[in-house]
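Have a look at these structures, which come just after this line.
In what comes next, chain A is part of two complexes: it sits with chain B in the first one and with chain C in the second one.
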Partner chain A sequence: MAQLLTRNVLDPAQRELQTALRSGAYLGFKQALSLPAHEVVAEIEASGLRGRGGAGFPTGRKWSFIHAALDQPVYLLCNADESEPGTFKDHYLIERDPHLVLEGVAIAAYAIGAHQAYIYMRGEYASIAETLARALGEALDAQIVGPNCMNSGYDLRITIQLGAGAYICGEETGLIQSLEGRRAYPRVRPPFPAVHGFLQEPTVVNNVETLACAARIMAEGAEAFKDLGTKQSAGTKLISVSGAVERPGVYEVEMGHPLMEFLAHEAGGVRRGRGLKGVIPGGTSVPILTAEEAAPLTIDYESMQSAGTMLGSGGMIVFDEDTRMPHALLRIAEFYAHESCGECTPCREGTGWMAWVLRRLLAGEGRPDDLELLLRVGDNIEGRTICGLGDASVQPVRSFIQKFRPEFEALLPKEEQGTLAWQSHGHGPRSGRFGSPAKEAMRSQAVDGPPTAAL
Partner chain B sequence: MPIVTIDGRQIEVEPGTSVIQAADRLGVEIPRFCYHPDLRPEGNCRMCLVDVEGFQKPVVACATPVLDGMVVKTPHESSVASRAVNGVLEFLLVNHPLDCPICDQAGECSLQDFYMHPDYGQHPSRVDPVEKVHKRKRIDLGPRIVLDQERCVMCSRCVRFSEEVSGFGELQFVRRGNHVELTAFEDRALRDPYAGNLADVCPVGALTSRDFRFKRRVWHLSHTDSICAGCSTGCNLRIDHFEGRIERVVPRRNPDVNRSWICDEGRLSFRRLAGAPRLTRPRRGDRELLWPEAVACAHESLQTASTARGLPLLAFASASATNESLWLIRQYVEAAFPEHRLEFRLDRETEAVAERQDSLLRRADKHPNTMGALHLGYGRGVGLEGLVAMAEKGQLGALFMLYYPPLVGEESEETKERIVHLLQLVSESVVLTTHELPYLADAKLLLPVAAWSEEEGTYTNYQGVTQHAGKAVSPQEAVRPATDVLGDLWQCATAARRPTGSEHLFREIAASVPAFRGLSYAALDSRAATTYPPEGRMHYGQEGFAGR
Partner chain C sequence: MLSKEALREIEAARAEEESARHALLTALRTVQRERRQVGPEEIAYIADLLGLSPAVVQGVARFYDQITETPTGQHVLSLCRGISCYLCGADDVAAEVRQLLGVETGGTTADGQFTLRLVECVGACDRAPAAMVDDRFVGPVQADTIHALTKL
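For the complex of A and B:
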């Protein structure tokens, strides 16, 4: 199994600078400092590295967007908020090889011309923040980072900032707002952070794992990185697997590794020998895969995409055959309802509504068209929100209902109960309502429609 | 410059203009909560979603800059946009308490209006009242504002107003998801002297005006466009009145003068006006007079005291008088008194109210027409102190005074004492004023005139912008507009009649006074937006109801 990032994680002494240096830490940063910044960017572009936080955006391209004026400050923000459910790979990396993360931060900062970098960590990561701070202290004392890094003339200040633990702080503009001391309300794009980011200055936000990859690329070369993985997905991926498996944990796999093989070997197979029901491959924000769908897939961006889902953060959640999917979905929906920041209308109201409907379904108080309602509410959230978290909340609802529909239908009231009281008041489904041009449809609704309305 | 097509109509706009601004200029209605022309766009309500050709999904018109050749369809024309906007509207109503019958915003509530719109509203509800998230109601935020968290649509206009405009930053959101609440820290009373605007920017009934709440349903109100007479800024406002009583005052948008705001003092100045007893009939000593007698008496006594004795007449007018009144005083004095001084006061009273000024709207000079008085040839002169000195030396024959008490602030005790002293010193004095003021009691003849909001006229603000104020309510009993009284006096002096309508007088001013040259009375209002709320009202209620 390919080991790129997790090479040294089993040695507890790796947290100490001397041990880390013996294992080759900061060689990549040294190499980067010997090159002009644009060549570092070119090297990362050549490696084919894509963002490991979830979206998979090419990292070198992101860095190349920074075109700052000479007198303009530029910031690098390392996103260590890791709030996606099922994801705990960054925690593992920071806990066990903090110098690798710091090296990645330093390289990225140098490449984009930043002299100030922030590592934004969720509040729950206080213990590993200490580990990281200790490592940072050692690196500062050794003059690896700080003023005049390794005698190169390049100055870099790295600051660790703890958040208070909100999902939205993992969204890059939410993170920026939080770092500025504001309420973590995402910003409308454009302008993108590369133009107006932290303190309105050009800013790059990268995930922890992405930066760790960058460190390895600079130390070992873009070619070596590219040799790993598939054509469109270079390198390796940290997978944090949890749920119904024998050996949950963080594993590094080469991109293109067969999913089933990973589940059977690394993860130890489905718990207690039960059958596999479904897998969420990359955090709860991506559509779930049924066992049949998952069978032919490999762990990389393109394979996941071909199945209509995403590699996401690599937060893999496994469901065995005994899992009651509506219950699992309610748990997820409640997470989004609880974590919606409340800034924009569709996500604020829609996530709570979806959770409410699921709750009443599970309480045996469902209505015949509740599944339709859930899907329609999802339609009204998706693509209508300021940040991607609106879409994220819809993916599980839609995919769970589509792929495990019989389980949900079993919760609906039985037909023979007849028309329920609320139905006669015009609360029925609205299919086809917007079929004709809106104006006509709405007008006819106004004339012929039921006498009851919301107001 | 980019050309954009919105619902089939084209407009050329400056680069950087947003789609919603272009649509507003075209007069195409795009529903919105969070967008406000005088606040930074935030894009959070998602109500202004429009369908742009070539874009995969609807975009928010408030935060999308216009690109050349862009083809935009609003919910009126596009079913995609209509569905999107309807979805947002439905979300906004999911947890809305639907307490319109007891909500003071009803009738001018964006949420209510949008729901009634046939192009994107009027959907049947899919939510049961029992499912709603409940929040706190009737939260006391000080003397101006009452907060209802349940009705809030979280558009953040108030938060942005408080941060960006008044700078007090007293409001913020707390909690998350559909439990988000607007709050002031520990519900403390707002200290913002512009807090009244929060009720104006609030598109729904979350922030309501403590002063106006439950006084009158808004559809009963008549509206008159006017100018604030509280200070020399001259904020554009609208007087809302019912059966001859002013119920409230709201700002009108004028980007050159007050944008969309007014200060709380100006907003409540009408209450001050109504708070003190009015002078209702002409009076000489203890004797009440009828107008013909009073006017004749005024002219004769001034003539006798001044011209006959060869001493100058002092004509003294508050800079709160309209340009038209000031003009007519000048006409009268010039026609009847060869020896005269024209003055308006601007001495110590500005210092008395110095703390009531700021860089936003409030100015130290609490007179709405100081600039107009200067343009019309009134001199700052020797000031009240100098006049008292002149009177003491017996250099003044008579005093003619048009006096308006300040709508904001008070005359200083010193000023009042000087007025009393002056009135005691001169042998003959005629004072036109609005209220029973103790410090004017020594005037030989008192004539009641209309106050602000009771007469039509123009004021010139400190920037030199001349603006028109309409007549909202009628003065009571025998009270007449100053221009009428002055017209009668002019007739006494010249034995000729003259029109005293403010439009006619303004035409005379524009023809003779250089500073007013070229101004047309009818065009004075063109710089101000016409209506409140600032984003423009949408009148489609009729259509919506007609269909039902």
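For the complex of A and C:
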């Protein structure tokens, strides 16, 4: 198995600077500092590294968008919010090799000309933030980061910020808003963060794993990185696998690794020897694959795309043959309904309705056209929202219904359409972040919507 | 209202950042940790400390799930109900824990020790069904693990 990022994770002492240095920590940063910044960007571009946070955007290109005026501040934000259900790779990496993450942060900051970097971690990661803060303290004392990094004349301040429980803070502009001390309402793009980001200044947001890859690329060269993986997916990928498997955990695989082999070997197979029903390859925001669809695929961007899904965050969730898919989907739909920030209507209303219609189906109170209704609500969200959460919420609903339709059809009422008396619950969809009882005051009338009339 | 240490934390955040507003999230977290709530009194206090309007402080506070308007128990027990934990029997565990502690979701035990929350994926799905006791990850949990934990 290719080991690029996880080479040192089994040694608990790797968290300490002295041990980390012996295994080559900060050599990549040293190399970067010996080059002009634009050559660092070029090296990352040449490596073919693509963002590991979900979208797979080419990292070098993202860095090259920064064109700051002289003495205009630039910011690097490391996205360690990691709230995509099924994703826990950054958790593991920061906990086991914090210096690798700090090195990546330092390299990216240098490359884009930032003198201030923030590492934004979800509030639940407070204990991991302590490990990271300890590592940062050591790196500061050793003058690796801080003023005059490694005697290069380059100054870099790194700040760790903890969130307080909101998935939307992982969305890059939500993260920026949260960091500015605001509600994490995502911003309309354009302008993109590269132009107007944190404090309206040029900003790059990168995932933890992306930055760790950058550290290895600078230490070992773009060629070595490119040699790993496939044509469009260079390097390795951290896969956090969970659900119905024998050995859930974080594994590093070379891009292009066969998916079924991964499930059978690394993940230890489906638990209790059951059959595989489906697998979500990259967090709940990407379409699920049936066992049949998954069989020929490999773990890389292009293979996943060919099957109509995405590698996403690498949060792989496995469903065995005993799983009741409508129940599982409700759980996922409720997540999006709860985490929708409420800023834009299609997502705020639509995520609530999708969960609500699923709930009534499962309560045996469905209407004959509920599946069409669910798909239609999804169509009305997709492409019409400020941030990607809206689109993301549609992917599981649509793919579960399409691929496991008989299970959903079994929930529809048996009576003839005309004779069905559907009873109103008297309350609208369960509301999310914008409308929990405590937030009642914020709620618009429309959220409550007549449960029958509109449908 | 706050310990010296907590105050120092907030002031450090404030000194480091460009404006008081940036220290708000840290202030909310710190106050929540010490006071176990960010109610009206705490909001007024933070607003005063950072020179912000109470409306701003409250508006931001209400956005975040870990900031509560009413006091939590001494400890917060957060059971994950995320999809991977669901696939590993989280619903059953939650039902057993509710019974064991004699509280509903969101409630606090009679002795004030534990507030029970159901939360979305906490990023520890390899320990499904996962839970957190304050900032500590635990799992895979069963009702008796929780029983042992709550007897500490």
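One rule holds in what follows: the second predicted complex is superposed on the first by the 416 of 455 C-alpha atoms of A that agree within 3 Å, B and C clash if a C-alpha of one lies under 4 Å from a C-alpha of the other, contacts with A are read in each partner's own complex, and residues count from 1 in each chain.
Definition applied: a contact is a pair of C-beta atoms (placed from the backbone, for glycine too) under 8 Å apart; a residue touches a chain by one contact, two chains touch by 3 or more.
Everything numeric in this text was worked out from a predicted model, so none of it was measured.
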>> In the overlaid three-chain picture, which partner chain does A:S242 touch, first (chain B) or second (chain C), both, or neither?
In response: second
>> Quick check for you: in the superposed arrangement, does A:R7 touch first (chain B), second (chain C), both or neither?
In response: neither
>> Applying the document's definition of touch, where does A:R274 land relative to chain B and chain C: first, second, both, or neither?
In response: neither
> Which holds for A:K30: it touches chain B only (first), chain C only (second), both, or neither?
Replying inline: neither
> First (chain B), second (chain C), both or neither: which does A:L199 touch?
Replying inline: second
>> Let me test your reading of the model: by the given contact rule, A:A337 touches which partner, first (chain B), second (chain C), both or neither?
In response: first
> What is the contact status of A:R398 with respect to chain B (first) and chain C (second): first, second, both, or neither?
Replying inline: neither
> Where does A:F88 make contact in the superposed view: on chain B (first), on chain C (second), on both, or on neither?
Replying inline: second
>> Per the contact definition in the header, classify A:G383: touching chain B only (first), chain C only (second), both, or neither.
In response: first
> For chain A, which residues belong to both interfaces, chain B and chain C?
Replying inline: 166, 183, 338-339, 341, 438-439, 442
> For the complex, which residues does chain C have touching chain A?
Replying inline: 16, 18-19, 21-26, 28-29, 32, 59-60, 62-67, 69, 81-84, 86-88, 119-126, 128, 132, 135-137
>> For the complex, give me every residue of chain A touching chain B.
In response: 166, 183, 185, 188, 337-346, 348-353, 356, 373, 379-380, 383-386, 422, 425-428, 430, 434, 437-439, 441-443, 445-447, 449-450, 452-455
> Which of the residues in chain A end up touching chain C in this complex?
Replying inline: 82-88, 90-91, 122-127, 159, 161-167, 178-184, 199, 240-244, 248-250, 284, 315, 317-319, 323, 328, 331-332, 335, 338-339, 341, 433, 438-439, 442
>> Applying the document's contact rule, which stretches of chain B touch chain A when the two form their complex?
In response: 41-47, 49, 56-58, 60, 63, 75-79, 82-84, 86-88, 90-95, 98, 100, 112, 115-116, 118-128, 131, 133, 153-154, 172-173, 175-180, 544, 547-548
